[in-house]
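Note that chain A is present in both complexes that follow, paired respectively with chain B and with chain C.
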Partner chain A sequence: MSAHPHRRRGVSQTEIAIGILLVLMALTLALPGRASTFGLLIYFVFVVITIFVVRGVRQEPGSWMGRRFIRRGVVVTLCAVCIGILATPRPIYSETNPVPGTGAYVGLVMFMLLLNVLLGGATQRVAGAPESSVDERQEALRNRAHRIAYPVLVVLVGGTLAVSDLATSQSRVWLDATLSWGGWIVFLELLFVLPAMVLAFIEPDRVRPEPGETLTAPGNRGRFAVVLLVVAFAIPIALSVLLALVPPSTTNASSGSMVATTTSATGNQPLVKTCRYFLANVQVGRGIQTEFSINAVACWNGARATESYGLGTPDCHPGDSVAVSVSTLACTSTTAPDGTFTFAYRALVSSSVIPFLDRTVSVEVVIDKNGHVLDFP
Partner chain B sequence: MMSSPQRAGFAIETHRSRRLLVIATLIGTALLVSSFPASLFGFGLIAVLALTTLDLLLIRSTCGLAFARGATLDERERALRDRAYRVGFGWLGLGVVLLYIVLAVTAVASSVVNNASQTGPVFGELDAGITGRVLFALLELLCIVPTMVIAWNQRDDLAQPRATRARGMRLMWLALPALIVLWILEVSVAPVQAAPRDTADTPGGGGPPGTRCTQFVKGSVFGGPFGATVGIRVEVCWNGVDAFVVGDPNDSLPASALAAYGPPGSISEQDANPPEPDETDCGGDTNADFASVTETCTANIDAAGTLHYVVRAQVSPLPFSIGARVVTMAVVVTRNGMVITQP
Partner chain C sequence: MPTTEGDGSRSSEAAPRLYNRLAALRADRGLSRQTLADTVGVNYQTIGYLERGDYNPSLELAFRLSEVFGVPIEAIFSRRPMRPMSEELYGGQPPAEAVG
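Right after this comes the complex of A and B.
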């Protein structure tokens, strides 16, 4: 019996490693608390492996990326993304923005990376390939691309630096801000990718295959790279959706009541009040996440309930946050005339990857004058 | 190998001398970008002219190959030039990283040295853009790297430049006087621009007990990065009796402020008002790399307890105060914290 032409190939070591990573990532993201931040670390390892696999694929671009106007479209889009990154304001910390938003910054950087991969595929990564792997024609072509790209780099980088540093005080403020934010990303992008952009721009359409002749089909490694790429981009998007859709998970505990005795302001009459320790943790999102913690003591004496510590307005801030922005919507810590104490903190949590995916989170503690807990996370 | 009998005796046209020129240019660029010395005291232009001279010598030694048009080159020269641009991308990336390391390490070292000598940190608090030293170093790298690559790698003598390139190389020396004229015009004529406080910086600390304080940080930029920046950084406190400066022992605390620490003699003036350059620093945000700056700061409290803090500075691009410009910035705060005047 002859061998089947489409016999299944064996599973490579890279695929096994990727599989283990994905399982580990899913497990850690399913766990509450800080364990899910380890999932993000695993994600970065996954991204690094993806980069190596994608870089290792050298094949003819397909019929789409072989067309000059498509490649030029990718280049123009890349330029627009770079301008978008430069225009994104630097996040500034304030009391109402304890974890300041990054706007569209993260999303733009991810889109830029995707475009870089497309561009690399369209130019077969000739611009940065080792000398041993390019032929004489490719060597001459990429040298010419670098020669054209260099003056463009000088004008773009040098011109931007010089004009913005010389022109007005506002342009200098922008320069200061962008050099500590998106400016470096764009500089590195231009430094490493501009020659490939020029190459994609100047190269003519690929010669159409003769009738009956087809382009080389993408190999297993090529298909594997595409799958990895899709998964790499899908994970942060999926985690952003989780942030918006999955309800926060809460763990709480509070100690038994304890009696505290203090003296009055006149110093001759003992004041007896009862206090209780409150501990709660509200986790919003998985992987792309933040948490709000209550670690407080509240007291009451039959006339009024008060905060001892941990339930004041300075305590309106999130804990560890990963790839989110948090804005405070409301923060109150008051005792009503009937003696009921209320701590209310409301915040808007947005994904840094897709900023319009957000969730409003409320953390409330309400205790009446007799120590009855009316509301607790 | 191509030879050039006319230029055989020219000292910079051996492979070794070309490499020495490259090394000298790199060292000069690194020195310019470093924070040692913290100020060039108005002599920045000399450093810029020296580096520009090295650049011109490099261009001369490579026959201006990096800047030559394709039509004036043969196939070999064109291939050499194009390859230099490709290698130049790598050199540029490496150069920027190295410059960043030099800048960061020397800034931290300079800060440590200054803190040890009680003169405070060197980091400014103004949004004054990037300094002229760093800007020129970056522009220098951007413009000269392909020429450096050619000078470093080319072992053979380069071909005799054609007439058009030879004329261009003679004219390029005009860059030096042009730079001087541009600089004088920029420092003397260009409008003064404001430099606000960097929003990433947090305000300074507090004052004596029972007082409220606020900090004023502002600057004026003369001639952009290749001129001078004059800054004012002062922490003003008030207690209902007097408004006064804290953080600078040169400005004594009034009796009403010292009284907040207890009976007379319970604390020394030095302990009550230690130097805090983050709060008040006369000249702390001043940049005098490319023009000399003479700056004085005075603080006076009038009979009504109102503080008058005045910074006067003279910016001189040339010796003997030729083309000098004077700037005055004042902060006036009443004993109740009302700000009458601020820059």
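Right after this comes the complex of A and C.
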């Protein structure tokens, strides 16, 4: 019996495995606390699979990417992105600002990856294709691209290192900073992608199909690769949106009341006050996430509530962040005229993937002069 | 127009232009580029580049093309611009039947 000509294609084992991976990632990301970062590990596995699937697709690029001037435009843009990564200031870690500047890095690197995918499609990934999958013309073109690319790489990298090291003390500072961050990203990009960039630059306009001939129809593998690519780029964007929109989850703890006795300034009479320890931990986002916590020992004596010791930035703790920039806006403790004590921590949280998606997160502990908790997350 | 050598050992600028009548032969046999590419075992674009004169084939590929069309290599490729097939066949004179 012959197979039905229009029978639907069955789901492959790879598709099932990737489906399970995505479900597992979604479940892990939904977990509270640091457990959700395991979702990111699964995401990286997914990205690696996507890279392998995309690399295996060698269909004709469309009429746009078949044109040399468009391909050259992609190469020039890629060069500009590399320069942008090199020019981005090195992130400086500090207590209040744990990962500033990574926003520009992550955004540029994602854009660079997108351009790499475009470039690979435009050149049919001939630059890194095995011998068995290229014909003599493609092999000649690939060899020529490699012959041009590696001397260019040596001159670019060697020249930059030599000039920066010898020119001025400022250039040496820049070199030190660049070698630890963007420099490595750009070096790896050039090492692996420069042949494809050269190939895209030198290959003439591709031959257009004859009337009635269709070359761009993607096969199943091509469609599958496109779906994986869209999902791979959509996940960080979706997680960035979650960071901006989903309410923060808070865990808190407070001790029982403790009576403390101190002496007055004159030292003549004892002062009795009651204190409690408050700790709140706030998690914003899932996967692309940050945590910060406040801890305060608030005391009251029936006349006014205060913090038992001086409030400083150590009472506001920016915690671990994954692809998130955190800027502390305020970390204050005030006692109102009516004796109410307010301890507030406000931070601006933004995704490193889409830096303009940000939100202000506030945590407050408010206690009146009699020790009643008016606000605690 | 820059071309590349079949052996990939020389840069395109150094390769002499090779003229061909691949498109005419292919049209004559009713072959699409894809069919011809599959027959001789090369990429679709390689046939297009050959026809356009952007690529000079290796001797091996030239022989394969010659076998597919059943004509000598020099009937497909030439270092000088090629005359139309009709001119080659009839020397520029109309066929006898047409004259009669």
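Operating definition for what follows: the second predicted complex is superposed on the first by the 303 of 377 C-alpha atoms of A that agree within 3 Å, B and C clash if a C-alpha of one lies under 4 Å from a C-alpha of the other, contacts with A are read in each partner's own complex, and residues count from 1 in each chain.
As a working rule, contacts are C-beta pairs under 8 Å (C-beta built on N, C-alpha and C of every residue); 3 or more make two chains touch, one makes a residue touch a chain.
Everything numeric here is computed off the predicted structure, so don't read it as measured data.
A.B. asks: Would you check which partner chain A:204 touches, where first means chain B only, second means chain C only, and both and neither mean what they say?
C.D. replies: Touch status of A:204: second partner only.
A.B. asks: Looking at A:132 after the superposition, I want to know if it touches chain B, chain C, both of them or none. Which is it: first, second, both, neither?
C.D. replies: neither
A.B. asks: Under the stated touch criterion, name the partner, chain B or chain C, that contacts more residues in chain A.
C.D. replies: Of the two chains, more chain A residues are contacted by B.
A.B. asks: Applying the document's definition of touch, where does A:173 land relative to chain B and chain C: first, second, both, or neither?
C.D. replies: first
A.B. asks: One more residue to check, A:144. First (chain B), second (chain C), both or neither?
C.D. replies: The answer is both, since A:144 touches chain B and chain C.
A.B. asks: If we overlay the two complexes on their shared chain A, which of chain B and chain C does A:157 touch? Say first, second, both or neither.
C.D. replies: A:157: touches chain B, not chain C.
A.B. asks: Output the chain A positions appearing in both contact lists, the one against chain B and the one against chain C.
C.D. replies: Looking at chain A, the two contact sets intersect at 140, 143-144.
A.B. asks: Spell out the residues on chain B that touch chain A in their complex, using ranges where they run on.
C.D. replies: Its residues touching chain A are 79, 81-83, 85-86, 88-89, 92-93, 96, 127-130, 135, 138-139, 142-143, 146, 193-196, 198-200, 221, 224-225.
A.B. asks: Can you list the residues on chain C that touch chain A in the complex?
C.D. replies: Listed in rising order, the residues of chain C that touch chain A are 1-2, 4-8, 11-12, 32-34, 41-49, 51-52, 54-55, 57-58, 60-61.
A.B. asks: Using the touch rule from the top, collect the residues of chain A that touch chain B in their complex.
C.D. replies: It is residues 90, 92, 140, 142-144, 146-147, 149-150, 153-154, 157-158, 161-162, 164-166, 168-169, 171-173, 175-177, 179-180, 187, 191-192, 195 of chain A that touch chain B.
A.B. asks: Any idea which chain A residues touch chain C in the complex?
C.D. replies: Where chain A meets chain C, its residues are 60, 134-141, 143-144, 204, 206-207, 209-210, 213, 215.
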